[in-house]
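Paired with subunit B in one complex and with subunit C in the other, subunit A is shared by the two complexes that follow.
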Partner chain A sequence: MKTRAATTLGAACALATILGSARVFAAEPRSPFPEHAALDAVGGSPAKGAYVLSAQGGWPFSFLRAQVGLSRRITLQSELESVVGRRYRPMLGIGVRIADAKHLRLTGEFLAGWLFQRGEEYRRGPNGELRFRLAIPVRRFVPYLVLGTRHAFLPDLLTIERASGTETSWSVRHEWTPWATLGLGFALSRGVGLDLGLNYGWVGAPDTIALPGVHLGLHFGGDR
Partner chain B sequence: MFPASIAPVFSRRSRARLKPLALVSVLSLAALASLDVGCGATPRGVDWDGKRLPVIDLHLHPGDWDHIPDDTKKFLASRFPFPLGLDAEAAAKGSIEPENVLAEIDDAGIWGAGLFAIYAPRTVGVASNELVAEALTVAPDRFFGLASLRVDRWTTDRDAELALLESTLTRPGFVGIKLAHAHQHFRMDDPAFFPIYEIAARLGKPLYLHTGTSPFPGTSQEAPYTDPTYLEPAIQAFSGAKFILGHLGYDFKEQRNVGLETCIRLAKTYPNVFLEPSALGSAGSDPTGQNLKEAMRRMREEGVVDRIIYGSDGPQSPGFVKGYLDRTVTAMREAGYTEQEAAEVLAGNFARVFGVTVPAEAAE
Partner chain C sequence: MSRAVLGFAAALAFTLGGCINEETRLYEIELDGQVAVTDGAPSAGAVHLEFHVAKTFGEGELAHPLGEFDRRTLAGVGPVRETLLYPLDVGDGLVVYGWLDSDGDGILCAPGQTEEPAGLVRVRGFPAHALSFSLTLRTPCVGPESLYP
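Coming up: the complex of A and B.
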């Protein structure tokens, strides 16, 4: 009960702080900087030569991510996702800045990698993801939405030992994970930012039930 | 961190907006704090048009994770909501320990619960009579044990197993017998196992029988193990025994009410047949949410409400017991159950069949 009360109080304080900050920074006459680490992190596709490093910790998903702008529109990125320390997804991919305006950034990303899951259910196999990031920078704040579709292909080896010899056969299962993140980024400075987001990854859809999650992220960027 | 030019603006405007800011913060704190304040102890019973009806969940499983076969552990892990299945052992132990079963029914507002023993070492595992006896001590007034027995060495161990079952049924808190032909791999119509029904009749201990297919690896899915039609000879032969047809003959593989009409026919034909709609309405087994509603509606249309005994087949995962009760109550409301009928289903029929007195505090 004490833990719940403390959690509630902490959440209330955090919300009050955010609301308070919103009121305070709404007073700013203009955006302090057009592009910043928080925007590059949550909106994707930093400019050519710019980079952003992100660490997002939460439950059940946590992420480490690095993005480097290769050209005006193309970004190279790598990502490591962990789910409660039992499921990992190292990925490498590219991002493409699809649309960019003063108050909008839309990025498409494609990543490929490998899935490792231990526990009662071992899952290993190639994994790919297509996702879109929509960010709406307003002064220091960056509300953002990520929608994605993930596909993992899990090979199973079946071995039957008979008197006549051993038979082996391979089969492949498909694991589909629709993904959504809704969050809010905040620029502490041009090079440092935070974000708070709600994640919903429906792992194994549509035959499963998945719990939503939350993360808090810290982002560092530079060039530039 | 902020550019120097912004600082004066920040200071001047923030002072002007101090009151609204403070107000918003205080309101936010109050709103969030009220979430906890509002989440006190769950009142017992189900609200039915302003009246609280007591609830007994016939079908709950205490367990021992170490005695579950590996394939079944894997299956169970896949059934936990993601990501709980990634550490299925911790999640399962957190669910099937008797203290947690009690917490789950408390959270659902349920007063009493039947706890099942099971001996199915090749399918769903073993939850021994001793384990159930120990679990009963956690809430002796609210837990009711259903004993079971091994049948996989019937040729050699029959007499010893029957004697053990009989002695277990005389222990405090044991009110019935649990069998699952499909999980224990014996035919419903095999006379070799009829002595179990004879004990049930003689001791006045109702039998709970799993009917229908099962998603668990290693289950005997063929009709003689799953189709309640095959129970009819035993139901006829042992009119003094009460047969509770668990899951209404549901096909958990195809997720259809395959055995529902058979169960209803048996209940209408034989006064010693009762019906239990557990598990078939869960999110995993009834994705559309229509099968449980159809079952509750059909049973009422056919006039067998006085035979329905509520059960969930929990605890499965945190919140399942409460969720299943909510789904069942919704299905009853949509099917037009009266308050009296709902009261019978949720606790009255259990109390009558098992000879249990439901205290006033079961719904308050």
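Coming up: the complex of A and C.
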């Protein structure tokens, strides 16, 4: 009995969702939204007072990101990246809307934070990233490209015990990660969007090999 | 020194202390020794020395004897004085292995070539910053793993 009631309730919810989505699509114009969550998320740099919250899950990279428009061109953003639950990068940064047109948005972003990696290869240290986002909104779709360069600085400690005493010295290794994402955003409504992207993050380049990845993102925005 | 400078120094120390990726600890050893061959054996040629930890840290099969951490080449048999930096986090004990490069080809006993004598000694008294050893090269064509443990 309980099973039948739950099945009926689930079917009702699914039907309501489909009908609700249909109503949303029917109520909105076919022309592109001037600004929407999917565009702000994948193209970066929401307008002044607007915000967008993003959750992108995938393999091996996953992201949580928040962006708030401080002015017409400047955005404050915070980001947490996870790589299969072993490597984390909490970051804080600024986004700048470099170019903006009906079918184009170009944004530059600079972020700084800290790298934490546990497991067999232990890494942590300050981390920075410079990246550019190019988005081309066409109706509800937003094809986009992200190109970035990431730099982590990993301090090592050397201690030498001599007969005359102990000497300590520091050295810093540099870890470079060139980054590229090619994806497609889609606006379910002005406030809700999706994206699917292919990631190419080459951690420790050029001494390692890079594994391509994929992510699916859900974005919420508002206050436009 | 002002409080601000002290505070900055403390913050810097805290930050650096919390971000060590690899910590390497080395122990300096002044090693005095004598390398010789058995009486009557040819003694011409360079001597190649390898310095090993006697036992590598690890659990199960990872805890194996020997682990080379440095090597030197001497002009010939005779007295030796070398300064070594011993990796404290790799293993325990100090072993010196050497062989005489009689034919000067840099290879221990290549096929068809002269038999070259080798030898190994575990240095007593480790750990200490000043150690001494005496190594006699008496066994032809053997590597360190055949002589130790």
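The rule is simple: the second predicted complex is superposed on the first by the 190 of 224 C-alpha atoms of A that agree within 3 Å, B and C clash if a C-alpha of one lies under 4 Å from a C-alpha of the other, contacts with A are read in each partner's own complex, and residues count from 1 in each chain.
Convention: a contact is a pair of C-beta atoms (placed from the backbone, for glycine too) under 8 Å apart; a residue touches a chain by one contact, two chains touch by 3 or more.
Note that the coordinates shown come from a computational prediction; the quantities given were computed from them, not determined experimentally.
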Partner touching more residues of subunit A, whether subunit B or subunit C: B
A:57 touches, of subunit B and subunit C: first, second, both or neither? neither
Which superposed partner A:211 touches (first subunit B, second subunit C, both, neither): first
Contacts of A:108 with subunit B and subunit C, given as first, second, both or neither: neither
Which of subunit B and subunit C A:178 touches, first, second, both or neither: neither
Partner chain(s) touched by A:188 [first = subunit B, second = subunit C, both, neither]: first
Touching partner for A:83 - first (subunit B), second (subunit C), both, neither: first
Which superposed partner A:143 touches (first subunit B, second subunit C, both, neither): neither
Subunit C contact footprint on subunit A (complex, rising order): 122-126, 154-163, 170, 173
Subunit A partner contacts - residues on subunit C that touch it in the complex: 16, 18-28, 30, 85, 88, 129-130
Subunit B residues touching subunit A - in the complex, by the definition given at the top: 1-3, 6, 9-10, 13-14, 17, 20-21, 24-26, 28-29, 31-33, 35-36, 73-74, 76-78, 81-89, 283-284, 287
Footprint of subunit B on subunit A - complex, ascending: 4-5, 8-9, 11-13, 15-16, 19-20, 23-24, 27-29, 32, 60, 83-84, 86-87, 117, 119-121, 188-189, 201-204, 206-211
